[in-house]
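Paired with chain B in one complex and with chain C in the other, chain A is shared by the two complexes that follow.
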Partner chain A sequence: MTPRTLINLTDNMSRDLPAFLPELVLCGAIVLMLLFRLFARFDQKHMGWVALVLTVYALIVSIVQWQGGIYDPRPVDVKSLELFSGMLVYDNLTIFLRMFLLAFAVLLIWLCLMTGIPDREDSADFFCLVLGATLGMSIMASANHLLMIFMGVEMASLPSYALAGFLKGRRQSSEAALKYVVYGGGAAGIMLYGISLLAGRFGTGYLPDVAAFMAANPLDPLVLLGTLFVLIGVGFKLAAVPFHFWCPDVFEGASAEVAAFLSVASKGAALAMLARIVLGLGGLAEPQFDPQVWERVAPYLVPVLAVFAAVTVTFGNLAAYTQTNLKRLLAYSTIAHAGFMMLGLATMTRDGVSAVLVYLIVYLFMNLGAFAVVAFLRNVTGSEDMRDFRGLIHRAPVLVVTLAVFLLSLLGLPPLAGFAAKFQIFSALFDAGRNYGSPGVGQPGLSGVMYALLVIGGLNTVLSLFYYLKPLKIMILDKPLEEVEDRPCEPLPIPWLPNLYAGFLAFVILAVGIFWGPLANAGGEAVNRFHAASAETGGVPVARGGQP
Partner chain B sequence: MSPIGLEHYLTLAAILFVCGAVCMATKRNAIGVLIGVELVLNGANINLVAFAHFNPAFEIEGMTFALFVIVLAAAEAAVALAIVLNFYNNHTTVDVDTAEDLKG
Partner chain C sequence: MFEDPRILWFIPGLPLLASVVTAFLGPRLLRDKSHWPCVLAVIASCALAIGVFASVSSGFQGLHTSYTWFQTGDVDIGVSLRVDGLTAVMLVTVTFIGSWIAIYSIGYMHGDPGYPRYFAEISLFVFAMTGLVLADNFVLLYAFWEGVGLCSYLLVGYYFAKPSAAAAARKAFLVTRLGDVGLLIGILLIYTALGPSLDYESVMPRGQHASPGVLCAVCLLLFTGAVGKSAQFPLHVWLPDAMEGPSPVSALIHAATMVTAGVYLVARCTPLFGFSPSAQLVVACIGGFTAFLAALIALTQTDLKRVLAYSTISQLGYMFLALGSGTSHEYLAGIAVAAAIFHLFTHAFFKALLFLAAGSVMHAMGGVIDMRRIGGLRKVMPTTHWTFLCGAGALSGFPIIFSGFWSKDEILAVAFKAGQPGSFANSIYILLFLLGLVTAGLTAFYTFRAYFLTFWGPERVPPEAGHHAHESPPVMLVPLMVLAAGAVFAGILLGPTGIFEHFLEVHWMQAAFPRLLPATEHHGNLPLMVASSLFALGGIGLAWWLYVRRPALAREMAQALPGAYELSKNKFYLDEIFAALVVRPLAGLAHFLRVFDQYIVDSFVDLTAHAPRWLGHLLRPVQNGLVQFYALLMVLGLAGFLLSVLMR
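Then we have the complex of A and B:
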């Protein structure tokens, strides 16, 4: 950052601010909710509606940007812009992930309005934290500088810590928050130390430069150490094994709504950041694929990612077996799904990243749906333990049927959307394996790794069958406790709106599972116009700092 | 005695980092763990400022980086202390070993 770039910063402000509009709307929503508290007239109102309206507006702006409408500041032939003198990058991947995060925020706020967590008094605090974390995740997804990576991670994490402990009076909630903040703070510190080594070694934190320098000497010990520490930080956000231990405890202690937020939005942002780092390091971020960079980096990076992914997916599935608490079961399922998405990233191809994006969207609906059903059931029964839900289908038919759709989709059963998502990942792995083995590329070792990952992914899908079916068996096949004890078996008093909500999500899963062409195309488009190096430098990454 | 150079600062930062990591791993008191986190963050900050001092091209960037880290560390400490206080209200202790309701 030199005085020259500072001048650029002010010159480009009128171009950069519209590109940043969705985030600015979120900032506005946060300030507005806090200001409203000052007036007696609004103090008693539920702030969820303010949050909902403004988040919907931000989502609309993002959709207009995706279609290249009035809020899109890019000239016709430019695919990516660097905002704020190279701090953030604005390209299709950014917009795609923003749409993902904002759509999730809208659905989550709607869910919170129905379940009554938070109550009216706490609503402003709760939604400020949710929108603040969403803002941080959005920055993670568009970061183009090591400083922005750290800022994004911290902006996403700090509100999440507070959200995990939002139910202040509950012992479990306070314990979940303490574990999250202790582990999270430690992981952030280690990540920052790694960032300081990388940025200092290369004399710049600008990601394309860092990637270019790293490709030049991938085995420098300081760089290896820095990269390892950064990967630890990302792995923690992703809950990748062996940095997963916080995840089940936090999900069990926090409310189901917060757990849904952490499992979908937080994972999505961390994956997006990892995708950017992986593609950037692999030379895939250039306008034209740069095979030389790829050849230097891939033999080291692919096996590391592959091992992480394989261990994560297998561990998550194995640990889920013995769980009886639904949120805890879904936590291990979340870990396993993060592993599945890392399988896609381990291919280090654009197809792999495109498959991950499709998976993320599908995962949003199925995981949010599962957590929403848990929240609705908690509200009427006061329990989250599946042993209390015997024969529930006689008492809450709609919720159980939709939960079955969500769990079977998480399992990957056709014709549900989960199958389409897994199919994309597997086909990306297969293509990569065939491609690496071909004489033109000549990486038989990597080809073997891809096929091994394919087998591991397939085995894990079978493994996950049993624990996804267990709650369904208890809810559908077992007799209700009331019937065994000869008491009348009353239907649960569930209002129509939650049923509608769960039905809507299940319908989306079914529809996407049958017609997944458009979604796959959108994923492909998001990656194909992936960040090309900055327009100002004419596509060639120019070293801004000193030589390494 | 050689003049103080970049290596000396980096060594100091590495020592701080290791102290912080050991502190995080071994302390049973939640406040002690948080002190460990602060040590790690400040180790990283010394790295950044030292690199900025010895590399003119990194000067402004490194300093800015360090300023942001100071602010974020303060924010993190505030949130973490609030959570520890809440934990104390529910458990009447800040011993992290007593946090064992959730496991499995």
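Then we have the complex of A and C:
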């Protein structure tokens, strides 16, 4: 660190710290929860409340920042700020993803408070891990330097390993954690190797410089290798095929709450990082869209992403067929959904990225909802196997109906939000396909890839139909076990609060499915204000000097 | 206060809210107070509609888009509501009549086990119907179009435990669906031929520049939807059966509002129809023929509500006759549409009144409505009697006093003008005019036949009525009186003065299709008025002669002309013809398809369902739980990616 950067750092501190406030609040929450353990008076309190209150505060700060309120340090015309001498970037995309992560954390902590995992004894540890991982994910989403990417991934991963093994004394849980660590370690090594290749080649890890060098020089194998290795690190977090093997085992071993956390927050952050890399390398993140850069990078990056995405979505859906454990089934479903979102990124257009952002928000609600129902059912029945849930509609009507909403939304049936999300992705693919094929851009090969992805996405939606409907068929159409055995069929003792929680999430899904306009606008704004200067191209690359 | 377009949201919004509230709270909480949300919401809607009407007449044209529902390519489908002169008239008609019918229903449906369900569905209907007339694009129109169809299905099948009611509901739904398919294709064709857009504002002006063939196809497809919904030949067969629903439903949905949606649609699309004379000729022919046919069938029906149902079909035929006569060459579009909408307006009053009065009779007679078993009720039910008489006078077009005379006369005048020598297809229009004139006589005859059979002659009360055959309670009689006043005075106030026509012209037509309007004013045609009066009075006189003066004569005539009588009584065997030509071949096809589906399609579907499962089984060993193996696969995958990137 040269003295110059040091001066920069301290000079801008008063500007950078407010921008970083949500993360600072999370840090404060972690410290506070650990400090409380020192005092006998607070020792026996459930720390979830501390975590909840402070996370809500961080969320509010983020929302205020989104609306350009007092915590937003950006001058009027500046859309994007670099924080801490270029380590992090602060723009609409950052704020959007922070809101996503924090909103999810709030809902998850609320869920944990209801389900009683963790108990009072472990609450401080558990929530420290959750908030710590969230902090790491937030850094992943705003990383502007290769080192910060690595830091973020590791900060998010290490607590996740511990969370996966949190159910102490359960053999499966420990096994899951161990597999996760070994696998994660391998992926981290590969990623670090890629980073060192890139940094060694260009002499810097600062992402805009890396992108500029890549654009200026012909792509040599070293650079391609480095990029690919970094992508593999992201692929591990995303559980993209063939780096997904940890995912089903970990989800089955960990509690449903942790599985929800890993499936939503972790994947969301990884996707965000991938989106940043795609936009950055594709020349889409410059203040001005640079078609030259795009034309140089896209023929390499688009096929890689496309294959990655297509394989992931197809594999996830096929493998889900034979599952009987609900969490395992949902694990494969999350793999498929990660693939689906990668389809959007494979377009390498801003529309694609904004579609993915919309998808992320929708995915948050439907996936969290599905895992929450699993957690509630586990608490009252002690089982996560769908064969034990025959005829459950008679015993837990609200949970089954809301689960139906979540699963049908995951499937993408209108008028639920899942349909809106899938529609955005499909429409981005279609537009990109049409645009790449037009004489102005002249990439007929890429256009073909887009249409192929469109077909694959459609087919996969059909494939997913069967396994999403299977649990519903068992719960709604099959006769309850009690009835077969001639025992009285009594309602499950589910308190009203879990029913309310599931109902709330289902309501959001229905409402977003009908009024998806505001969400789609917010997604577009997160990407387009991010690159305000090139908004007039409509988010799709156009030829040099050509008209859109 | 009514200048803010956001107010428009409350007109359909309040009934929707009432519907939801009644549906959720009705069965447990509100029970026999379930009518309150519905009545209050519809009355509030009516007040708002009148307010909007008033501001429209002072020059306000509102449009409010809440949000873009979806946007794909160049199409931009917004949920947006618009109000202009035509919409304002429709809104006031729907909500005003709806309010009184809702009030009437309190008495009529009293004590019914499905009381909350009834009011929830009525509110839902008012929501859909007001939405239909407020919609600003074809997609939204189609959505509400199906919405009113659904409500009609639910309410016709209200007594779903009764097999005939369930069958009638199914028939109503399926037959109107036939028309709806045409409407949907028409909308798609509009998108491709006149689009790419589905907003009224951008589609309508393109009609005059479209190629005649395409425009004609668009118009005819739209008209198919209207034929289904407004029960025109050959899709009219559902409406008489729909009388299985409660009488207020028949009054609201199957007389005053929903069945006029087709008329509204064609009127709304005048800028398209106006430039396609051949399509208009089809509309006029179907309308005129339906009016005549339905009147013939109505002559011999013995069920009072069925007579009214056929008269509804016949009157709707009149409206289409008017709409089809507005040929562009003669600049008749303005007066033609005005005549049709005016008849729609007056018809809504007097037909709702007639159905409600019939319902009142039915209520008192313990559910019996067969005119062979009741009679001479004018002493038993004095108020019902004189209100029914007002409605019958209006329906038969009794000169000067009653509203039906004025509106029907305008329709005949338009048809007559369209038949002037030298204009397009004038001989056909003259024929249609004569058909309309004869139909006017038939209408007067069958209306008063029903009136005399029910209220005159010796007093006959069926045993189902019990010992307390009595007049209906005031909550049912007050709506009757209000509607009777409307049926009488609406015509004489609005007809000869030309207020109605002027309103539509200034606040709608001049903006929507200025090129179809005449430069000069239109004046009444006195000889025509006299002729139609003579036909009406003749019909009434004949009915009096046959059913009051010489009751035996009618039976003798029926026996003297067995063929004609049976033909009319059996509705020209149209149901049977449909069964033979459409239903049975389709049933055969359906049987074949079932076999095809079971053995060929199903096995294919099974295959698609099984194939992924087999693939899934194939993939299963990969996930064997061994970290070493996972690592191996990961390295292999990595190598694959590296090779694919480096080898290109």
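The definition used in the following text is that the second predicted complex is superposed on the first by the 526 of 548 C-alpha atoms of A that agree within 3 Å, B and C clash if a C-alpha of one lies under 4 Å from a C-alpha of the other, contacts with A are read in each partner's own complex, and residues count from 1 in each chain.
The criterion applied here is as follows: a residue touches a chain if its C-beta (ideal position, glycine included) is under 8 Å from a C-beta of that chain, and two chains touch if they have at least 3 such contacts.
All values derive from a computational prediction rather than experimental measurement.
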item: First (chain B), second (chain C), both or neither touched by A:Thr381; value: neither
item: Partner chain(s) touched by A:Asn499 [first = chain B, second = chain C, both, neither]; value: neither
item: Touching partner for A:Lys179 - first (chain B), second (chain C), both, neither; value: both
item: Contacts of A:Asp249 with chain B and chain C, given as first, second, both or neither; value: both
item: First (chain B), second (chain C), both or neither touched by A:Met151; value: first
item: Contacts of A:Ala320 with chain B and chain C, given as first, second, both or neither; value: second
item: Chain A: partner with more touched residues, chain B or chain C; value: B
item: Chain B versus chain C as contact partner of A:Leu224, first or second or both or neither; value: second
item: Chain B versus chain C as contact partner of A:Ile232, first or second or both or neither; value: second
item: Overlapping contact positions on chain A, where the chain C interface meets the chain B interface; value: 178-179, 182, 186, 190, 248-249, 322
item: Complex contact set, residues of chain A against chain C; value: 178-179, 182-183, 186-187, 190, 221, 224-225, 228, 232, 241-243, 245-246, 248-249, 300, 304, 307, 315, 317-322, 423, 427, 462-463, 466, 515-518
item: Chain A partner contacts - residues on chain B that touch it in the complex; value: 13, 17, 20-21, 24, 30, 33-34, 36-37, 40-41, 43-45, 47-48, 50-52, 55-58, 60-62, 64-65, 68-69, 72, 75-76, 79-80, 82-84, 86-87, 89-91, 96, 99, 101-104
item: List of chain A residues in touch with chain B within their complex; value: 1-2, 146-147, 150-151, 154, 158, 161-162, 165, 168-172, 174-179, 181-182, 185-186, 188-190, 192-193, 195-197, 199-201, 203-205, 248-249, 252-253, 322-323, 325, 328, 544-546
item: Interface residues, chain C side, partner chain A - complex; value: 67-70, 72, 608-609, 612-613, 615-617, 619-620, 623, 625, 627, 630-631, 633-634, 636-638, 641-642, 644-646, 648
